[in-house]
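See structure below.
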Amino acid sequence: MYIVPLLTILAEILIYPGLMFSILFGGIIVWMYRKVRARLQGRRGPPWYQTYADIFKLLIKETIIPLRAWKAGFIAAPTISFAALFAAILLLPFFGRESALGFLGDAIVLLYLLTIPTFALTFGGMASGSPYGIVGSGREASLHVWYELPLWLSAATVFALANSISISGIVEEQALHGPFAIRLPLAFIAFLIAAQAKLAKRPFDIPHAETEIVAGPYTEYSGSLRALFELSEVFKWLAVSALATTLFLGWPLIGNTIVDALIFMVKVVFFALIFAFIDIINPRLRIEQAGWPLWKIATALALIDTIRVYVGLVI
Amino acid sequence: MEKVEGKICSIPIGPYHPALEEIAFYKVYVEGERIVDAFIKPGFSHRGIEKLAMQRSYHRNIQLFERVCGICSDAHTTAYCVAVENCLKINVPKRAQYIRVVEHEANRIHSHLLWFGVAMHAIGFDTLFMHSWAIREAIMDVVETLTGNRVNYSVNTIGGVRRDITPELAKYIEEKLKIVEKGTLYLIKTVKEDETIKARTSEVGILTKEEARKYCVVGPTARASGIDEDIRKDDPYINYEDFEFEVCIEDTCDVYGRIMVRLRETLESIKIVRQALKNMPEGRLIADLPYPFPSEDVGRVEAPRGELIYYVKSNYTNIPERVKVRTPTFVNLPATKPMLLGDKLADAPQIIISIDPCLTCNDRLVIVDLRSGCEKTVFLQDLIKGRVKL
Amino acid sequence: MGLKKCFLCSLAKWARKKSVWLYHAPAGGLCNGCDIEIAAAITPRYDVERFGILLAPSPRHADVILVAGQMTKHSKERLLRVYQQVPEPKAVVAIGSCAISGNIFTTDNYPVAGTVDQVIPVDVYVPGCPPKPEAIILGVVKAIEKLEKRTAESI
Amino acid sequence: MKSSIVKEALKYFVNPVTEAFPAAKPYFPKKYRGPPVYDQDKCMGCTACAHVCPADAITVIVKDGKRALEVWYGKCTFCARCEESCPVDAIHLMEEFGIPSEDKLVFKSTVTHDMVKCRLCGKPFITIKHAEWVKKNLLEKMSDVIGSEEIDFFLTVCRDCRHEIENIPGFRKLLIRVLIKGEKVWV
């Protein structure tokens, strides 16, 4: 009797929005980012299977743990990062309306889960014992301080307008009254800027700035541990793009689960391409310059919309 | 990272670092993110070129000096040939001089576009890096067709040049120059209108005019600090007095100024190449060479990185008695220290890159520095060991 | 079991072939010629990324080390350290005449510490002064073949 | 603010500049300086190329009465000075790049020549083809001074032995005559 729901959950974890699908779809998203970047730079770009090849190759490579590193922390960091993002993906509404493990208040949990990889990365960089890793971790932490406020503010605005803290509630509200991207344009822009920083793409790729601090926290990671970080990167792309879709573009909801899931995927790709495009046409900012767009512009924009929602000006 | 004193920590940049094309070691002392002191240690690519030069004939030395630096390879051979020609009183045919000018300026265009790409890479603007290198491929084609190799031109020889420019080749060069000019104009426009590049580069790595004079910087680094100096104008060599061009000067004294100076210079170089191709005189390619006699002289050349000086002393043999090289990076490198002080750690790579450090150029000379008692380097001991063996 | 193992083996071989990260380590005395040609190989005209080849910033991520230039006494130990930092399986490609034989700088001059293959094992040699970017790409492809062979042996 | 870079990037998006390298042949200009190769038929083994080579990439090995010239691309600077200095155009630089290999010693082009043995001491000192070439040129340019038999004598006696002969007055006179006449021709 209980075997059917158990199997369903297992299938959800392992196949559809879980491991298999997220790796495949996330791999395609990362490939698209790389392909678009290459094409806009005048190059041809990698073939479609590139991300999978990279990850698989790293998995079967030798893993070196440096002498200077704190071993437990060094190994734990990528694992925690991977696990948190995997859990986040299970909470995202990949069925159009509902997520795999949805419950009341899952939106808050989702945002929390997306915060954990940052801490894990900071932790891993510190544990690796290389000067570049430590500097990178410091930068990651300070960037986290910059972007977390606008991210949460814009999300809170959405929660307030939707009058719900569950993912399905937010999506349904948008399906009924139009997407929040139109109703809350300023919070939307604020969210995009903050999400760019969360993805650590240009202009905010400060934590792993190649020319300054080699690869930042990733510097000492090799082999399968690096592969876990690479997988986290894939999941991060997927999760952040899906979060943007959920919070701001949950609008066309047809009712048929398969069609809704397909529409959701198209929207995720759309957001991923926006992030990729911003990444391509910008140089990297300095760490104290990154505060300017994040704290001044994004926070102010999000705050204006929050006030609008609380005063009741939003139609 | 290690603590030095109080809040001050030291961070190593290099020797193997993705921002640096070649290997050098910078130790930057930081207080938080602000740089309070810097220590520069080149010398990793010392190859003993000057010693080798004293064992080879004049002609074989050309290929040796070409490999001092692969990026400004033409400037090095030109300077060496000019020095030897001054020394041995050789009158070079005018056509050869004009062909040299074409190559010299093609070299400058390629070097500046390359540097621009690397500088953009240092601030994380990979798209412009790729675009500038895509434009650079046009001039690389010119160089390859003209000389037969992409990097080491090997065209200059003592008393003239080894390859001719035919009319078809001139037409080909003109075509490619159009692409380069269009691309350079695009790069200038982008740099001017892009606020993020400005935010990243302006008022960074400041070297005031007084400091620039104090540190005797040369080339684009000096011109970006408002010093009007260009060997092509001040002391014309290889018939530069025939050409009209402007010396590009910026008075912003920062990295942004250095970018603009180099980009504008690229346009001037294109102008010079066009003039040279248009007014190419007829004549021989190589002058008659005399037997060597005791004499000495210098050759001064405006390399892409600044003033390059070769000193040649000859005797009755076909081997130079002494060849001494003073490269632009040798004088520009110490100036990175005042540039670095007070700036942020994040700007260190682009400040170091902004002088276009060609450490391979530099490192033949560093032996003097190392000999003055740096115990850390194995180099000195090895040198002594080598001598003992001899 | 055998079939599964075979499938994983072929997957491993495929992944090693399709994803190769390079680390560019100049071996001391160099003229930059080879280095700019390596950089040119990642730029639009040659674009090695379409073969899955990337220039990794840290030696810890690399599969193939590109060594260019003449080995000097000064940089010998540093290069050895870089080599040891690269995780297995790895391959070394010596680029240019300097790395192969010392070229014009000879191997007996006072700052020079011999050729690259006297310090670290070199798998593929790419002749040229400097080699064209195409030759560098072919050299890396050859190194990949060698990596594949090693994978086959280890399984 | 970013209009020009976006425009340019979109232009590149439509037409990438990447060459289809493994499929299409890379660009080689007409006089590309690739690896030098010897032409066995033309080469006469005079070692002029070995003398001018800046990197000493061309080695001359005399073994078993044969002279082998060997150019190693692993040391070559691709400067084309050997091509320039060759009197008979027997070495030329290919319009091709060196193919990467796992063995550094395969980058080679070799040519071997039979040598003439010295009539007096029996040591091989000049290749047959070189001797023939010198004879031909001498006969063309100064047949009035020197006869073919005398040339034959000179070309079959090695340098060390010739130094000894120079002390014999008759030969010395002949040598001086050749040198005075030859000054314009040789330099």
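Some observations on this one:
We just call them A, B, C and D in the order they show up, numbering each chain from 1.
What we mean here is this: a residue touches a chain if its C-beta (ideal position, glycine included) is under 8 Å from a C-beta of that chain, and two chains touch if they have at least 3 such contacts.
Quantities reported herein were computed from a predicted structural model and do not represent experimental measurements.
Chains that touch both chain A and chain B: C, D. The chain pair sharing the most C-beta contacts is B-C.
If you average the CA atoms of chain A and of chain C, the two centres end up 34 Å from each other. Here the CA centre of chain C is 33 Å from the CA centre of chain D. One inter-chain figure worth recording: chain A and chain D are separated by 64 Å, centre to centre, where each centre is the mean of the chain's CA atoms. Among all residues of chain B, those that touch two or more other chains are 18, 63-64, 67, 127-128, 130-131, 134, 137, 149, 152, 194. Shared contact sites, meaning residues of chain C that touch two or more other chains, fall at 43-45, 47, 50, 57, 103-104, 106, 129, 132. The residues of chain A that reach two or more other chains are 38, 40-44, 210, 214, 280-281, listed in rising order. In terms of which chains touch, the assembly is arranged so that all chains touch all other chains. Per the touch definition, chain B reaches chain A in the complex via residues 1, 11-12, 17-19, 33, 120-128, 130-131, 134, 194, 196-197, 199-200, 344-350. Across the complex, chain D is touched by residues 56, 59-64, 67, 127-128, 131, 134, 137, 141, 144-145, 147-149, 152, 154, 162-163, 186, 189-190, 193-195 of chain B. Contacts from chain B toward chain C in the complex involve residues 15-16, 18, 21-23, 43-49, 51-52, 63-64, 67-71, 73, 114, 117, 129-131, 133-134, 137, 140, 149-152, 358, 360, 363, 377-379, 382-383, 386. Across the interface of their complex, chain C is touched by residues 12, 16-19, 21, 26, 35, 54-56, 72-78, 97-104, 107 of chain D. Within the complex formed with chain A, the chain D residues making contact are 2, 5-6, 9-10, 12-13, 16-18.
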